[in-house]
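Input: one structure, supplied below.
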Amino acid sequence: MPARFKKILVANRGEIAIRVMRTCRELGLSTVAVYSEADRSALHVRQADQAFCVGPAPSRESYLNQQAILDAAKKSGADAIHPGYGFLSENASFVRACDAAGIAFVGPPASAMDSMGEKTRARSHMVKAGVPVVPGATEPFKTIDEARAFAEKVGFPVMLKAAGGGGGKGMRRVEKMADFESAWRAAKSEAMSSFGNDAVYLEKYLDQPHHVEIQVFADSSGNCIHLNERECSAQRRHQKVIEETPSPILNPELRAKMGEVAVRAAKSVGYVGAGTVEFLVDSTRSFYFLEMNTRLQVEHPVTEWVTGLDLVRWQLDVAQGGKLPFLEPLAPRGHSIEARVYAEDPAQNFMPSPGRIQYLRVPGGPNVRDDSGVFAGYEVPRFYDPMISKLSVWAPTREQAIARLERALSEYVVKGITTNLRYLTAILRHPDFVKGDYDTGFLARAHEQLLGKDDAKLTEVAMLAAAVWAQQQQEKAATKIASAASGASGSMWRHGRRR
Amino acid sequence: MKTTRWFASTRKGEEPKAIDVTPLGESRYAVTLDGVKHELESLVLPHGAVSLILDGHSYAVEFEENQDEVKVLVKGQVTRVDIADERKLRMRAATAGFSVEGKQTVTAPMPGKVVKVLVKVGDEVKEGQGIVVVEAMKMENELKAPKAGKVTEVTAVEGTAVENGAKLVVIE
Amino acid sequence: MPARFKKILVANRGEIAIRVMRTCRELGLSTVAVYSEADRSALHVRQADQAFCVGPAPSRESYLNQQAILDAAKKSGADAIHPGYGFLSENASFVRACDAAGIAFVGPPASAMDSMGEKTRARSHMVKAGVPVVPGATEPFKTIDEARAFAEKVGFPVMLKAAGGGGGKGMRRVEKMADFESAWRAAKSEAMSSFGNDAVYLEKYLDQPHHVEIQVFADSSGNCIHLNERECSAQRRHQKVIEETPSPILNPELRAKMGEVAVRAAKSVGYVGAGTVEFLVDSTRSFYFLEMNTRLQVEHPVTEWVTGLDLVRWQLDVAQGGKLPFLEPLAPRGHSIEARVYAEDPAQNFMPSPGRIQYLRVPGGPNVRDDSGVFAGYEVPRFYDPMISKLSVWAPTREQAIARLERALSEYVVKGITTNLRYLTAILRHPDFVKGDYDTGFLARAHEQLLGKDDAKLTEVAMLAAAVWAQQQQEKAATKIASAASGASGSMWRHGRRR
Amino acid sequence: MKTTRWFASTRKGEEPKAIDVTPLGESRYAVTLDGVKHELESLVLPHGAVSLILDGHSYAVEFEENQDEVKVLVKGQVTRVDIADERKLRMRAATAGFSVEGKQTVTAPMPGKVVKVLVKVGDEVKEGQGIVVVEAMKMENELKAPKAGKVTEVTAVEGTAVENGAKLVVIE
């Protein structure tokens, strides 16, 4: 494919659409946005050079609407489609549709996606390639009874998982048979709404493992390298909250070993492009293949920080037939941590809090990166993922990176909606996190501590502030009445007094 | 200058504390709480935030008003302060006990879709028991019973969209 | 000084006060802000843990008021004062006052400042140390006649310069004797208001040299290293507008040579802390000492980008007696460029445009850094420097860094005041800048090109947008009238109709 | 739907161009300029910016209104558009030529301090000649004569503060 891309359609929304468009702009490529009716006012629509509506708010009818997206690509004359993450990014049928339409898909070939995208098929492939996997089912269940029988066999706790995609969606841990039905139903319904595919399988639930993943990159000439790991054990409801690299539990030997296995996994399916091989690491530092995400990962910025690379630029290069510029692993430089800022209320069981952002101030200064898809005045819609920003930092050491991220979080101001900003700060200050010794059970175990106790001094400040604030409201009202009585400030206030 | 007495409490049922506020001009006030006098300068910024200097210490404060309650954000801590003057306090005392007893209505805390209704009229529920599952922003959220009691009314219908504040279930 | 600092007073305002406080917060140090009456609503007041008013708006009465600042330091119990740049940062008498008060000054000792701070004395020192200097006066002039006579001798054009400080303030190029008096008056008055010292001297004006400066760092144990150069030739009115590192005109040999001379210059005056040795480089790549700035430089972020260091952290370490962590020069990694965003109108001869920022959206994404002291809703006061932000980027190559900075500038939205954002973009696109071949005369020569011509397509878009906008205003007014007539939206609109 | 004709010009004295605007509902309009018809969707965002989609092309637009003129910011370009409907255009034609002739007043373009007054009453000045130096934000700014003529009035006083728009010098 020696012809160079000129125009890229980004088949996504929110921060990842903005992220991809940023690199496109730096490369001098035109961008095309697609948007649902609920996203007409979204930032990615304005950021793009062209924009097409692809359907109503529900993602099934818009961001998962393959035909509408291909139509927009044809209408705009786009050379390629970048799928971001989620939505159609791991949908092999969409890759085939792009191929058929003569539009490049920025991602792996459909065959590699087939092998890895369906999680159960991936497991069989890995077993064949000699990659260690977590004990579990090799294919989705046709009926709940089949699933129940299997769960009985491997023994509780088990993990129900969507076969069609990752990112914590359609995943449910089940402790006992009594909970099986509701978890099954929830997993299937989330799987359907997230991936358009409600196939669900299950695995033995490893007790409090670490979640460590390896970033891999392959070109179409058969070269494949890894770009180190990301530690993603700070999860709640299987949703990553904080990610970092290097992982505090890896040493160079384990990194090299896991990297080698990840590259072998990718090569075994003829992988091309950016991909992530996720592993569970247990307390003996044995590691098991969990799944491969065949697209750009949410947490890719931490890898960019310590390697100095632009992974989206690499994706576009490789999609145009370019070769990887080097093939030796790159030692990580310094340390990077990312925190996901969500529109949600940690104190209310992380209830999402859509609504209008009344005021926004984003942190800045040395080595702070904000990847966001929102703006002051934006109404966070209730139809999509509640993540509003990824805040990441770099520093020479892990200790300094934690301090820097804490500092950056303290500068973040989001008014109008509830966010998890304070909860994120609490994680960074928790002794287990500071020590670097936390597994996937950490956030659940530490939940009450992370919600935190009020500081008595700040409570006093708040009371004094509120009293003076009430006083000022009263003074303002009095001034209005006084000036209305004297007629000084026009007829509006006279009117106001009577209300 | 004239001193106004305000009453502030941060927890339901807590005895309110008296705060005396005396204006000193140009956004500056003398404030007294628990017998300690402070000097407080409170500058309201255009976007509604307040820059507070309390005895030389600086605080960036954000306010959100919610009926009688003010949400105060200082250094990441959100404190809900119930603030009242004497007149208001007396009025409240007169109407106290009005809504503590009686039925509890479970409402939708956010717009979304009712995925599952887990109770029916007549069920006895425990405090904290799951009642309704509402899907919003691709996550399912289980609403729990605010108190033990009997379900007297179920308005939630599976598969329907609900707006913020919509009545779902009544427990008595 | 083995006792560790706990509390730092930052004797400055705007972005540099924020910059210093960020590092303090990351180090767990309390911060104390000082502010003038015009700055009560400024961001640095809110960012600090404590804040004290030090006088009325004019800097002479507040930010240059040594006694008021020392009083605030004593009252708050600060261990040290960080002066930022400008104001008291190069004032040896203030350093002595700090010493006398037992408060550490984060900067060089008064003796080194004496040697370098007074620009004419610095020149004599450098000549002694074997450092090449631009031909010119060795001390300030007592009278204008003396200055006139000297100008006559070295020959026009000459450069009038404030002896008491740098940063382009109090500097005037004079072409001919007829212009001498007004330039003299302007230089002296700016020098007084900027540095509290109206002493002025003059140098031969080199024709269109490059302005290249070397960052140096020295500890109190006598160690001194350089941290590479910054290219600062994109200047207007001797005010830097865009800075980058590495300099496109340096090779490793010249870098090493200039670095060695800069270190020699610093050592010759017993320098301690962060400093910058400015050189003019002519077309034959000969270089001449211009002056030494004995403080943190505005453009230090580009050095931080390519070295990975936090220079403010280093300043604080060294001020507490810490030794430099390494002594070998650090090869620059990748490329960094900074653009200064000003509240000014390039089309109106760069007239400052103070006023209220109605809306602000700051760029984000990979390797973009915004150092700003403003926020949405802030009123940029008319008393101080009109710089509202420094936007800097990093990329592996210069070409990519230019593309990234252009992309970031395109995301910057500042409503309510006029800024130079478009002018900055025009510089980045100018062929001479792209080639990396620009001297200190570049911006003046290219001025008309940089103001740019309107794009016909965008003008058409603007006309169509304006027509529809007018239509929408009309529709809105009609709706109001209609609903007022029906009484639907309350009495306010009835009132409105009559106005 | 009803079509309205608007007149837009971007330069003083330029013949205004006609733009026909027909509402299509939900912020969408058919617009015709120079005989070419476009489809334009113009969504006004809460902070006053507009997201424009013109024949599928997306533009982030900011507006600032200034009397008769609208400042339109698109992709970094500021275009001052004078926009009028037919009634307004006719009114303007009637009053045209009103302020083109006559005296020119030099006013302070920003708040600051008068540092130097370079002319006195009776001086003949050339267009572009320096008249007054105003200091603001630590920079000195020289105001120049907008046209050649005679100085008839000098209000500026050295050393005094001036507000935005203050009259400094009159030239006839």
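By letter and in written order, the chains are A, B, C and D; residue numbering begins at 1 in each of them.
By our rule, a residue touches a chain if its C-beta (ideal position, glycine included) is under 8 Å from a C-beta of that chain, and two chains touch if they have at least 3 such contacts.
Note that this is a predicted model, so its numbers are computed, not measured.
Engineer: Have a look at A-B versus B-C and report the one with more C-beta pairs in contact.
Structural biologist: Answer to which pair has more contacts is A-B.
Engineer: Counting only Cα atoms for the centres, state how far chain B is from chain C in Å.
Structural biologist: Computed value for the inter-centroid distance: 46 Å.
Engineer: From the C-alpha centre of chain A to that of chain C, how far is it in Å?
Structural biologist: Each chain's C-alpha centroid was found; their separation is 37 Å.
Engineer: Any idea how many Å lie between the Cα centroids of chain A and chain B?
Structural biologist: A distance of 31 Å separates the two centres.
Engineer: Using mean CA coordinates as chain centres, what's the chain B-chain D distance in Å?
Structural biologist: 49
Engineer: Can you list every residue of chain A that touches 2 or more other chains, as numbers and ranges?
Structural biologist: 47, 359, 376, 410
Engineer: Return the residues of chain B touching two or more other chains; collapse runs of consecutive numbers into ranges.
Structural biologist: 47, 59
Engineer: According to the definition already given, which pairs of chains are in contact?
Structural biologist: Result of the pairwise touch check is A-B, A-C, A-D, B-C, C-D.
Engineer: Using the touch definition up top, name the residues of chain B that touch chain A in the complex.
Structural biologist: Contact set of chain B toward chain A: 4, 6, 8, 10, 17, 19, 21, 23, 27, 29, 31, 33, 38, 40, 42, 44, 47-50, 52, 54, 59, 61-64, 70, 72, 74-79, 81, 83, 85, 109-112, 115-116, 133, 135-142.
Engineer: Going by the contact rule set out above, which residues of chain A touch chain B in the complex?
Structural biologist: 169, 185-186, 189-190, 193-194, 237, 343, 348-354, 358-359, 382-386, 409-410, 413, 415, 421-422, 425, 454-455, 458-472, 474-475
Engineer: Please name which positions on chain A make contact with chain D in the complex.
Structural biologist: So the residues of chain A touching chain D come out as 33, 40-41, 45-52, 75-76, 356, 376-378.
Engineer: Mind pulling up the chain D residues that touch chain A in the complex?
Structural biologist: Touching chain A: residues 43, 45-47, 51, 53, 56-60 of chain D.
Engineer: Which residues of chain C touch chain A in the complex?
Structural biologist: 18-19, 22-23, 25-28, 47, 301, 304, 308, 310, 333-334, 359-362, 364-372, 375-376, 396, 400, 403-404, 406-407, 410-411, 491-492, 495
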